[in-house]
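The letters A, B, C, D, E and F name the chains in turn, as written, and every chain counts its residues from 1.
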Amino acid sequence: MMQVPCRPMHLGIRNEQSATENRVAAPPITVTAFIELGFDVTVESGAGGGAGFDDASFVDAGATVVENLADGPPLDLLVRISPPTSSDREILADGSVVVGLIDPTANADMLSRWGVDGITSLSMEMLPRSTLAQSMDALSSQATSAGYAAVLLGVTTLRRFMPMLVTAAGTIPPSNVLILGVGVAGLQAIATAKRLGAVVYAYDIRPETKEQVESLGGRFVEAPTMKMDEGGYARALDEETELAQKAALASAVEAADLIITTAQVPGRKAPRLISSEMVRAMKPGSVIIDMASSSGGNVEGSRPDETVEVAGVQIMGPTDLASRVATDSSRMFGRNVAELVKRMVTDGSMAVDYDDPVVGPTIVAPQRDGET
Amino acid sequence: MMQVPCRPMHLGIRNEQSATENRVAAPPITVTAFIELGFDVTVESGAGGGAGFDDASFVDAGATVVENLADGPPLDLLVRISPPTSSDREILADGSVVVGLIDPTANADMLSRWGVDGITSLSMEMLPRSTLAQSMDALSSQATSAGYAAVLLGVTTLRRFMPMLVTAAGTIPPSNVLILGVGVAGLQAIATAKRLGAVVYAYDIRPETKEQVESLGGRFVEAPTMKMDEGGYARALDEETELAQKAALASAVEAADLIITTAQVPGRKAPRLISSEMVRAMKPGSVIIDMASSSGGNVEGSRPDETVEVAGVQIMGPTDLASRVATDSSRMFGRNVAELVKRMVTDGSMAVDYDDPVVGPTIVAPQRDGET
Amino acid sequence: MTELAYLAAGVLFIVGLKGMTSPRTARRGNRIASVGMLVAVVVTVVDLLSLDTRLVWGLVIGGMVAGAVIGAFLAIRVQMTEMPQLVAAFNGFGGGASALVAAAAVVASDAVMPTETAVTISLSLTIGAITLTGSFVAFGKLQGLVPSRQMFLPGGSFTNGAIAAAAVIAAGVGMMYDSTNAYWVATALAALLGITAVLPIGGADMPVVISLLNSFSGIAASMAGLVIGNQALIIGGALVGAAGLVLTLEMAVAMNRSVPSILFAKFGGTAAADSIGTQPVNRATADDCAIALAYAQSVVIVPGYGLAVAQAQHAVKDLANALEARGIAVTYAIHPVAGRMPGHMNVLLAEADVSYDLLLDLDQANPKFKQTDVVLVVGANDVVNPAANNDPGSPIYGMPVLNVEEASTTIVVKRSLSAGFAGIDNPLFYQDSTLMYFGDAKKALEDALSALENL
Amino acid sequence: MTELAYLAAGVLFIVGLKGMTSPRTARRGNRIASVGMLVAVVVTVVDLLSLDTRLVWGLVIGGMVAGAVIGAFLAIRVQMTEMPQLVAAFNGFGGGASALVAAAAVVASDAVMPTETAVTISLSLTIGAITLTGSFVAFGKLQGLVPSRQMFLPGGSFTNGAIAAAAVIAAGVGMMYDSTNAYWVATALAALLGITAVLPIGGADMPVVISLLNSFSGIAASMAGLVIGNQALIIGGALVGAAGLVLTLEMAVAMNRSVPSILFAKFGGTAAADSIGTQPVNRATADDCAIALAYAQSVVIVPGYGLAVAQAQHAVKDLANALEARGIAVTYAIHPVAGRMPGHMNVLLAEADVSYDLLLDLDQANPKFKQTDVVLVVGANDVVNPAANNDPGSPIYGMPVLNVEEASTTIVVKRSLSAGFAGIDNPLFYQDSTLMYFGDAKKALEDALSALENL
Amino acid sequence: MSDQFIVGIIVFVLASFIGFEIIAKVPRTLHTPLMSGANAISGITIVGAILASAMGSGTFAAILGFLAVMLAMINVVGGFLVTDRMLEMFKKIPRKSESEEGR
Amino acid sequence: MSDQFIVGIIVFVLASFIGFEIIAKVPRTLHTPLMSGANAISGITIVGAILASAMGSGTFAAILGFLAVMLAMINVVGGFLVTDRMLEMFKKIPRKSESEEGR
């Protein structure tokens, strides 16, 4: 059990704005929730700008706005929506806590160094996917935004109508949308594309997703599926299955006007579902959005945050999708993180419990006493 | 009656691509239709690029592709989706015909000068809005695209969800969308926003639009309405009604997250429906799309093809909306223009009949013999 | 045993009549009832044979044969369209027969009759007589022998009331003084009443009148049964009397009329069916719509602006689902300008999750209508106006429309005969093969669905 | 006149019984029937008074007063939950009375009875006796005096067959030799059969058995009526005999059983209701669901993943519309994790065009349930699992759930008792205030809607 | 009142009830056939007519009897036949859901 | 067979038909009350019981008569009362659509 010194606890929110980041880790409503838990909250000026929250709204919520957190007191808790940077170390008190989407794999070294100073890093990516932890599940909430934004990005890039229109100027056929990977983002993408009137096909390696796809009015592409492992995540496939899968997907890919791929296998490279050959079979003007581009890509040739054109098909690899609906993404993230922090705070003091079924798994560093 | 010389008739299609224009006046399928009517069709290279039609597809359809129409034979018929330019005169044979969305008011002088040379200009904007002429009604077809694109532009600019989402990370309220002006574009905008799950309010000065709004699941904002004139278009309002209208709209504007205005009065400045004061009452982060910006704007301060920010509200005045769904917009326009041309062609020769109820009203120049 | 056989006949009537209330069992029901009739007749004849009666067999058998031949001849020769008047005529014969039975009882009675017999005899005579003459006036109207329009007698309902009162008085005299002649007078007055009561009623209301007279003939038979103490007559007659009454009310409701308003029609009280539009239309109910759809092989649905106004997209989808569950092929024909904006119908049908594969555009749909059993037009008007094809004077002449009139049956769902966007009348509505099913589209389709499920 | 009064009583029975088939008119119907009974009794007494009979008035009046007091006492004192067995007991008394009437006729008859009288007397005696003993066994089972589980006699149906055969033979002997004693033997055997036939039947099936015995008691009364030539008994008895039979079949269908499978149950032929899950649940039909909803003031609908799977969004909207048309307040409570993705329910309800204003989230909904009459849970499971609140051992303990169990009535629509996403059982299903309405959500809600419209 | 008459009334009332009860919500398409079928049943008066022929004596009675029998017979035979013809249209149409339920 | 008996049979058959016809699709909630109400009606045997008391002579007959009357009376009075109690639950609930139809 790590115990954070009693009152006043200082909580800081960075201005994380960048070209691909409009979100803020805690919108004003979450700031109020933190203050009610006993925190003093300091916010960097402009932190909420991209999400539609101006400095005044943070002040109204009870926070202190500063130009740079370094100007304020050392922090007991830093809340981040993007991974921490080494400069964050300066503003953190020893024995403090960092929580957020901190990308533990990429930042393992830094975080364990910080752990030596007693700085506890909690990765919201590592929350258990249990029914109980759903209100803290930031991966889910941000994937919801991302799935929605992916469809809108695709639809505005594609120069065609989604719905069918029978008009005096001819009949416009509906667009075909194909969603590969039916996790949280994929489901939201199906729902959004379907709402817009597209004909939606979807596929996932997990067989139970068929019912889920159909429950949203989508059609399931019949291709090989497999049992999922315990955690609710898909496993990586052997090469043979992968080939069979690709073959089965080929015709669905060819027929699609817009493809959104979301397939991920936690801790591994994303499965390659679409080859350049398959892309070349598509109609020119079609669009592919590869939501797995940063973990290796489901589509051959996709690159993070770039648009690559192959035979008239645009392959996009946006990594800022959730950030495109920054207002609501921030609200949901804020709620997630507040729920998690609430679980650790009792009577104005914060404790990180290694044995808590929810908090425990998120602890990246330091290792539990005696484990190193 | 103008008679165009017999066979072979030469028809030309310009490459009209620009920063705000992706459409082409005739996609390959329309080219085929023209050829069947007896035309020789010449297309400028790259004409269909922005709409997803490459040169090869035009060649397949039977057209000759040239770098510049000036390289080809003088044209008997020029089909345009954007207004003609003075350089078009060079490629037109005397006694030829220009047809398309030619903006007759702005180009009145030039076109009447051409008229002296016997060049007939047909304005598709001036087609009668009769049941009979619907298949040629390019204003309707392009307004359909524009209404759809306006919503998508607004939705992607707004950093919020359209639909309501009750999630573990909190309840996200639906966005409020307000559509002012319920013509063709407005109706399509209502339908599209509604599809995305927004709460849609709409208003038009014509009372019969209430039923139409409700037939799409929208809610009608109760504000003063008036009888329409014979042509099916709205008339300009007296000042008093305009004030009453604005007052009634104020609260609907204040509540809206996204506003799309489409109100037009043919041949006049667009009515001013939203003042800066009303804009300032809106939530920061909200978005307004003024589809009437080029004819004076429904929103105070809107400027064509620019985004103006007023008190955190973005006011956009895009003029290229139909072009954003270039593929389908081009298809529909092509069909419209082909239907109109078909009406003028008999046995491989083209005649412009001043007395035809459909073609007649579109003739901008030359005036009928004896009228000057 | 005779009585039990009569009971059996009665049971067969009941079962048969019940069968006739549903399309699937109707034919069987009619046959069951006819078997009941056979049983009753055979038993009666056998019963008489076994008795030593003064029966003139020749007359009885002659009457039976003559009646059977005439009845069969008429029934087989008649045109489909003339059936209603034939039924009226048959009904008149039945009523007449009951009156004659009572008359025979009067003639046969030697002693003074007890009151109850006198009452039933009077009822049988008068009701039978009204049925006889009333039915023949109805027959004449439908056959065109008597002008079918509403005709007004001097005095109107008052005259009829006076005749009825006179008949009652005559019958009373007959009972009181046991006067045969008074009975005949009452009968004659009743016969006159049958004529004067039915003559003023318009041809459109005749089916309801015939049904009511049918109920009368049942009551007359039942009364005759009471007179001669025969259970078969009592059961069969009462059954028809009651069933006919219920049916009369139902028919009146289906025609949007009330029975009193038909019987005591005044000037201006014209049938609702005639008051809309100038030409007659075939009005249909939810049940008619359901039956037409249920027995189709292929159905094409044509949505229009009215579907949108009524927000009936889900209702239409539910109905289509129910039809598909019965193995009927359902598609949708979408006219390019249906509704008020391009793609209006698409928005609605997509919301109801109608598969895009089922949508036909104009060019796909038009060649199909000839082979289509039923076209269901929901709130569309201009886009199915045949005037666009064949009336050069029409403002929409030349516009391509959906040629729904080519289907075997076209059902049009809308609230009234009023015009659509173009503001012009639609000849489709007045075609023989068109059924007009008036009502708000959502409600109307929901009703048709429940009617379908109850078939 | 007595006979006509009996006819009037019969008509009142008919009208009353018809009234009892619809919730709105049921109470009035029962009262109309009771008036009919009063008419019949008064007329009988008056009739007897006017005759010079050997009647011992003291006994008759004593019997009537005693019976009335006992009956009223029992009826007023009984607990709601014990009513079914009381009905069984009353029914037994009625059957017994009919048997006694026939017995009295046997005793009173001096001459040799005609065959038909002998047959009806035998039927009246035996059917009355079966009703008497059978009803009391049913009473005992429901009251817990006799073990309510299925009990098997040695020989099973064969034994019953043998007893029945013996009773028929005894009755035959009685008729043939006009032997009073043989009739008593037949009666005793029938009484035994009543016991041996009902004993093996499980408690869950008792309502169907009682209904069947009720039909029997009607037939017994009718036969007694034939014996003494009384129309009131014949009409009333036949009415109940037939109506009871139809009701029995309907009850069996509603319980998913067939009557033969109940009566001739073998080992393993347990009631379907017991085979799902381990604990008993209240199974509801479309009608139950419709009635519960129709008489509510406020209804909250809780959608879950099953709604999405069944694509029942339009069906739920249609049902809600129908409720709103009746002035019932309908809202929707959306749990944050209902379905399989964030906002899953929103997508569906928006598609069905449910107004956002009607959607309550968890925090808004939970305080409302206590004042809610009916909660309709459609395909939700984990999100309405009270174990999350009060079972620390549950894997979902601590998750906020919708506390639907606080409403007066909770109707759960799902296909079976199987678990949801979390894979755990749901104690809600076994609560007293919960009705389980099994079926595919779309079909089930559509059925409930049509049931509602037929109320 | 005679017993026979009273019994007649009872039977009349009961049969009327049955008549009221069995006609419930008839589809409009069946209105005419049902009316026609009911009309044929009302021809049961044929039984009365035959019996009446047996009652009286004299020419008048004979003529009445003959006429009654003939008229009633027209009603009966014609009525059932014409009803059957009307109902023919429901004959050949199979009930799809039944025949294809097995799919 | 005696006329009276035959008439009885006719009445029995007709009344049975009515019984069959009037019970159509009863909502499950009404099954028990309807059963109970029908049971009370089957107590019509009270009429028979009273008449039976008037028929016989001797103690045995008297006892039979007394018993029959008492049992039947329990059935009648208890039956109607308990049915009424069961149906009480439908009493106060107004039919919304009716009362508010005027809106």
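Here is the rule we go by: a residue touches a chain if its C-beta (ideal position, glycine included) is under 8 Å from a C-beta of that chain, and two chains touch if they have at least 3 such contacts.
As the structure is a computational prediction, the values presented were derived from the model and not from experiment.
The minimum number of touch steps separating subunit A from subunit D is 1. In summary, the chains found to touch both subunit E and subunit F are C, D. Of the two interfaces, B-D and B-C, the higher number of touching C-beta pairs belongs to B-C. Mostly identical positions are employed by subunit C and subunit D in their mutual contact, as over half of the interface residue numbers are shared between these two copies.
With centres set at the average Cα position, the gap from subunit C to subunit F is 38 Å.
With centres taken as mean Cα positions, subunit F sits 16 Å from subunit D.
In subunit B, the residues that reach two or more other chains under the touch definition are 134-135, 140-141, 144, 163, 165, 167-170, 172, 195, 197, 217.
Multi-chain contact residues, meaning those touching two or more other chains, occur in subunit E at positions 7, 9-11, 13-15, 17-18, 22. Each of the following residues of subunit C touches two or more other chains: 10, 14, 231, 235, 311, 336-337, 342-343, 347, 350-351, 353.
Contact annotation for chain pairs lists A-B, A-C, A-D, B-C, B-D, C-D, C-E, C-F, D-E, D-F, E-F, with touch applied as defined. On subunit B, the positions that touch subunit C within their shared complex are 130-132, 134-135, 140-141, 144, 184, 187-188, 191, 194-195, 211-212, 214-217.
Partner subunit B is touched in their complex by these residues of subunit D: 334-338, 342-343, 345-347, 350, 353, 356, 359, 361. Per the touch definition, subunit E reaches subunit C in the complex via residues 1-2, 4-5, 8-9, 11-13, 15-20, 22-58, 60-62, 64-88, 90-91, 93, 95-97, 99-100. Residues of subunit A touching subunit C in their complex: 163-174, 197, 199, 217. Within the complex, the subunit B residues that touch subunit A are 22, 50-52, 54, 134-135, 137-138, 140-141, 144-145, 148, 152-153, 155-156, 159-161, 163, 165, 167-170, 172, 192, 195-197, 283-285, 312, 324-328, 331-333, 335-336.
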